[in-house]
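Look for chain A in each of the two complexes below; its partner is chain B in the first and chain C in the second.
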Partner chain A sequence: MRLRGLIRKETFQIVRDPSSILIGFVLPVVLLLLFGYGVSLDAKHVPVALVIENPTAETSSFAASLAGSEYFAPQAVPHRPAAERALAEGRVQAIVVLSSNFTRQLPSADGAPIQLIVNGTDANTARIISGYVDGAWQNWLEHTALDAGRALAPPVIVEQRVWFNPEVSSRNFLVPGLMAIIMTLIGTLLTALVVAREWERGTLEALMVTPVRIGEFLLGKLIPYFVLGMGGMAASTVMAVWVFGVPFRGTFLVLLLVSSLFMLAALGMGLLISTVTKNQFAAGQVAIIVAFLPAFMLSGFLFDIASMPTVVWGITHIVPARYFVSSLQTLFLAGNIWSVVATDMAALAMMAVFFLGLTRRKTRKSLE
Partner chain B sequence: MWNRIRALIIKEFHAVWRDKKSRFVLIVPPLIQLLIFGYAASFDVNHLATVIFNEDDGLPARELVARFEGAPAFEVIGHISREAEIAQVIDPRRARLLIHIGPTFSRDIRINPPAKVQLIVDGRESNTSLIVLGYAGRIVADFNSEWAKSHGEPLPPAHLVVRSWFNPNLESRWFFIPGLVALLTLVVTIVVTALSVAREREVGTFEQLLVTPLRPLEILVGKATPALVIGVAEGTLIVIVGILWFAIPFRGDVGLLYAGLVVYVLAVIGVGLMISSICRTQQQAILGAFLFIMPAVILSGFATPIANMPEAIQHLTLVNPMRYFLVIVRGIFLEGLSTELVFRQLWPMAAIALVNLAGAAVMFRHRLS
Partner chain C sequence: MINPVIDIGEVVKRFESGGRTVTAIDRMSLRVEAGRITGLVGPDAAGKTTLMRLITGLLKPDAGTVRVLGFDSRRQAQDIQAAVGYMPQRFGLYEDLTVAENLDLYADLQGLSRAERKDRFAQLMDFTGLGPFRGRQAGRLSGGMKQKLGLACTLVGRPRLLLLDEPSVGVDPVSRRELWAIVHALVEEGVSVLWSTAYLDEAERCDDVLLVSEGKLLDAGPPAKFSDRLQSRTFAFAVGNTDTRTVLDGVRRFPQIIDAVIKGADVRLLLDRPADAARLGDLARALDLKEDALRPVAAGFEDAFIALLKERETTSAVPDAAPRYGGKPDSIPLPAVANGAPVIRVEGLVRQFGTFKAVDGIDFQVAQGEIFGLLGPNGAGKSTTFKMLCGLLPPTDGKALVLEIDLRRAAAKARGRIGYMAQKFSLYGNMTVSQNFRFFASIYGLAGKVRERAIEHEMEEFGLGPFADVNAADLPLGYKQRLALACAIMHQPGVLFLDEPTSGVDPLVRREFWHRINTMAVAGVTIMVTTHFMEEAEYCNRIGVIYRGRLIASGSPDRLKADHRGSERPDPTLEDVFVDLIESYDREHAL
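What follows is the complex of A and B.
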């Protein structure tokens, strides 16, 4: 009965404060759109300067193989200095040079060099471009061999299979991870700020003199924000599948379970932060440092955890978002793989219990 | 007039520096972010968990496997012997790459080339899979040319010679740490300016400021100057840590970097003051700052290239000062960007700074009168 009253009060508070609605529903949608469209690692139509010092049938067939690929937008440039200027000015990302004796060297024992110069400042894009040129080169080799009436037979060829994401689309990989970041914002940042405001204003002390028990008080806080967060989660899932076309291969029940556990952990963290800081400014800062930034950088959403230095890799294990990102990526792209999801759920459940338990203890203490 | 402004500037510095909390905000979070980001933000792949499924005990197969085992990008964590086990190592993410060599590999390579090697990668992390396939492709290409050489077979008629300018080993860190100069300067400057007025308003000292003879424009200058000093100092701190701790090469002109940094910080201060004049409480100011920082960072090219975005969004990035400063700071660090190229980025940023500061002045006056 008391609990219901509390929940009603909290719900009113959320509904009446436009900033909560903003964070709960508008923010997930806006962020997902922004990230979904703004964050992409798929380079397409990369501007490349193509320098052909001595045009022949062979060089134009290579040029055609570059132009035929959707990955490149080759621009013919008369000579190397002009191409190098274009690279320095950032007008092109790479230079492909077929030198004047390219055709003459083709039949020689060593073969002819195709020079590729990439701008290494953005190392990742540079690597992707050099992979693309590699592919165009292989294609060209095969075609020239076929045209000459023989099959190209290198000693070994690679047959590649990209499981779960055959078109290697970065959106399929990024959008599920984004949902974890957005849920962290709602669960931890919003809760920390709002509850800290109550501590600041003293309305919590007022609540404490009523016969409400601590457990009821925490549940009263927890339930409305839980509902708000799960609403944001539902909105994000719908957008991921319908707007961004990310496949969903798991089951919604499992998704619901994992998200609930993550939401509890995130809310627990938010409540703990507000209980400890009791100050909006500090709560906001702490929430950004301990929840949002780790969710962004240490969760595996964008940067691969396995490649991090050992110490940083160790730290990722105490970041709730890490487990959520792993489960989301698996549920969306691979399906219900229990060995992944169950481990993640166990970790999230432990964190939820830890944070909520600690909040309960801290709340009791701060009352005495 | 200048005396009044000076007094206000001194007061602002005190306000920021005396308060333990705001001092904390200026120093601790940026350093934590710099360290975590410096070590965690990387697209490089190393020690990728790899499992070998080799059904062929011939020498060529073992040689190829040995090449993978010797590459620092891969770490062979096990071998399997049945096809059914593939899913058991890939699905739970125990291995991210599986190299499958069929039973006829050694025979095919001698009698019936090409022999096939199958690579299975986990596509859940698409960027890693692309990089892994690139590395693996190069290992196989090296194997091929050596095999052809030692067996007197013809090499392919053309080969790729790849060189990378400015960052020969393609280290992600060289890309991210100069970017952090832009990011952390943005965060600190926004927080300082967005909170300065909101805090005074909450405490009530803003009304006191209004009854002084200070004019709105003077208040604006008084609020902007400390922020400029703090923003530039923050940027300097990150540049120094980047050079000394992370050993990022610095090839350009320091003067040009500071020209860019000052204009950038001014543009950001304009935004911060606008947020400040709209928000009534600190909480709103924090949220407002956050709502600006998130899109500004995502649409700047900080983590992923602007060129990969849809065209409409690419146009949107033109009003983002961070976009221009990132080109300047990365260019000056790694490419030794020329004066002319720096100016090409500088003038749009200066225009943005003017508009933002003018906007802040208008909003300030509006708010005060």
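What follows is the complex of A and C.
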């Protein structure tokens, strides 16, 4: 009966408090739309300056093949200095130069050289562009050879196949990871704020001098936010699969299991933060620094964990979101790969037990 | 029922704060008898709240024993918490839950069954008069109603012992009376009550009083026991035509008088020893008063409180550093208004927030050298009026002029002639006393030698010299109050605005504060003050009662009391007047 009373109270509060609605519903939807539609790690329609020093049939054939690709938006530039200016001013991301002897050297054994200059400010994009130009060049060579009826004979032919995300769309990779961020928001940030608020407003002091037990109080907080978080998870899954068309290759039961474990770990962290800080402002700051930002940057959601420096790589192991992101990406894109999912689940379960246990120890029916 | 309901033996409680150990409760022993209202009375920081928390088992004593209803607080805290009702200072109402939902929560927590609940709720609603507001969210209730709801929530489980921690702070006199009525009815039913308060008039209504200060129990017993000791030590001068403040000032110089306050047209005295009464005739002559102006009056609890605290010389009270304003009276920059013209003039003042009229057509005037007090329940429009006068908020309609200037449009120079002391301690806590002084001096445009002299002067005047390098946050409460006032007046303003300057300050500090205010008024400074302490209203020349955005009465405290004298109440207190005014206003404007 006491537990029921607490849960009902918490539910009323969630429904009536604009900040819960904001963090619990509005923020996840905004994030999903932003990452689903807006942010993309793919390079498409990259503006490229194309310098053709000696126009011939071959050069215009290559130019046409570049223009036909969805990755490039080539602009013809009369000479090199103009192209360099355009690059410096950021109007183009790369310069492709077909030198005056292009057509002459093309049939020769060494082949014709093309020069590529890429804006390396954003190293990632630079690498992608360089790869694309390479690909486009190889492609064109093969086509030209075929048209000419002679086989191109490079020493090795790379036959590429992309697994799990064949269209190489970053959305398929970002949206599942984003769900971990949303759950962290609800589980840790929101929970940390609401418990700290009870300390701040003095509601807890009156509550403590009733027959209520600490376990009941904690469960009274855990259950409503668990339900809220899982609701957010379900909504995100629906949006991911049916709105953004992200493939889902695992099973929903496994997804439910992993999410529940992560949710418990996140809630445990939130409760612990608020129990220690007892102040909404501090709780919010701490939650953002220890939970939200690591979930964003160290979980593998945006940045590849394997390529991080060793120290940072080591730190990622204590970020719960890391295991969740890995499981989510596996479940959505690859399927039930047990060796991955089971390891992640074990790590999450350990963290949930650790945080909830510590919270239980730290929360006392006392003001000391 | 177990008697005593609370038995505390040799309890010690210490806190660590900033590397220092503070002894909040120092070997305290006391008993609270069953079936009575026991008042826990003491200045701020005396240890009242700590004691309450020790009794509820929320804190554990470092030494000694706390037994509540026969349970030991160390081992049986859960049993205590199931049997007592505790209302902390800021009662934890869930503001986004309705009245009924808050009650339901506490009924669930106390394990009340459905059947019991219906009767109990009906009874509590009836008790508190909250029936019509069941569906309203607690955050939208008035201060008084919130407090009553808090009480109702603690009463849901029918506690045998009720612990109330300063339940009447921030509650207007009307709601305060209702709270008392509820608690009296509970005692009839056999509930024991421990009521902590800093209001001395409330102590007088308790059956027993525990007087605490600095973590020690000074004395215990029925209130009459306290005042009986002061027989033949309390007198009053009927001042007649002489100015009360001049008399007060003279009386304070008399070493045998340990306390003197203005009470309407009287100056009330407390003597050190009854034998000193013989010398009062000389004093009357020295002050140009007729000898028959002197009459003995009955001692009250407040006199006993002051006497006991002065004997102990508590640290929060500060030795009287004879305050003088600006050194010599002629150094005061008198306001540039024609002789006799009001210094503050308010005409048809209106302030509207959306559809709500917070201030609805207020008129009043304040003359030079007057102390004008604004009284009213929370949310009546006091602070809004105040802010418009200080130019912090534009009026929707009407005029609010200070020295015939609209401060909202006035240049900085005009603002330099007023002083303002905000409700909350608005100094920089992590700056030292002298840094605060320097900052405020620069704000007021004092520089060079003028600034150094002004700072030196205020330091000496307010006895802050020894604290020059102490951070403002670490000052004792009484000194914080002094520093705040000193910073507000260091540019020697002709008009002073004080917004609830003494909330959260104990009676001794309050007296010292008013002593300074009086001295300034005598020197010709015009002072406007808001307060919710009725005793402070007595110190004002005139008061205005604000209710629902209107000025429903104004006049000198004595005039107002005379107007409300009735056959069943020949000598009404200001609180009676206040309650009367509000109740009759509500009757006339009933929907």
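Everything that follows uses one rule, which is that the second predicted complex is superposed on the first by the 360 of 368 C-alpha atoms of A that agree within 3 Å, B and C clash if a C-alpha of one lies under 4 Å from a C-alpha of the other, contacts with A are read in each partner's own complex, and residues count from 1 in each chain.
We take it that a contact is a pair of C-beta atoms (placed from the backbone, for glycine too) under 8 Å apart; a residue touches a chain by one contact, two chains touch by 3 or more.
Predicted, not measured: the structure shown is a model, and the values here were computed from it.
> Just chain B (first), just chain C (second), both, or neither: which does A:Asp110 touch?
first
> Who does A:Phe12 touch here: chain B (first), chain C (second), both, or neither?
A:Phe12 contacts chain C only, not chain B.
> Regarding the shared-chain residue A:Leu204, is it in contact with chain B (first), chain C (second), both, or neither?
second
> For A:Gln280 in the superposed arrangement: first (chain B), second (chain C), both or neither?
A:Gln280: touches chain B, not chain C.
> Once the structures are superposed on A, label A:Val133 by its partner contacts, choosing first (chain B), second (chain C), both or neither.
After superposing on A, A:Val133 lies in contact with chain B but is clear of chain C.
> Report for A:Asn119: first if it touches chain B alone, second if chain C alone, otherwise both or neither.
A:Asn119 sits against chain B, while chain C stays out of touch.
> By residue count, which of the two partners contacts chain A more extensively, chain B or chain C?
B
> Applying the document's definition of touch, where does A:Val227 land relative to chain B and chain C: first, second, both, or neither?
In the superposed model, A:Val227 contacts neither chain B nor chain C.
> So, A:Val29: does it touch chain B (first), chain C (second), both, or neither?
neither
> So chain A touches chain B in one structure and chain C in the other; where do those two contact lists coincide?
Residues common to the chain A contacts of chain C and of chain B do not exist here, since the sets are disjoint.
> For the complex, give me every residue of chain B touching chain A.
Touching chain A: residues 21, 24-25, 29, 32-33, 36-37, 39-49, 60, 64, 90-93, 96, 109, 113-131, 133-134, 136-138, 140-141, 143-144, 147-148, 151, 153-168, 170-172, 174-175, 195, 281-284, 286-287, 290, 294-295, 298-299, 303-305, 307-310, 313, 327, 330-331, 334-335, 338, 341 of chain B.
> State the interface residues of chain A toward chain C in the complex, per the touch definition above.
So the residues of chain A touching chain C come out as 1-2, 4-6, 8-9, 12-13, 16-17, 198, 201-213, 365-368.
> If you look only at chain A, which of its residues touch chain B in the complex?
19, 22-23, 31, 34-35, 37-44, 46, 62, 87-90, 93, 102, 106-107, 109-128, 130-131, 133-134, 137, 140-141, 144, 152-166, 168-170, 172-173, 189, 193, 197, 279-282, 284-285, 288-289, 293-294, 297-298, 300, 302-304, 306-309, 311-312, 315, 326, 329-330, 333-334, 337, 339-340
> Residues of chain C touching chain A in their complex?
Interface residues on the chain C side: 53, 56-60, 77-78, 81-82, 84, 86-97, 101, 104-111, 137, 150, 153-154, 157.
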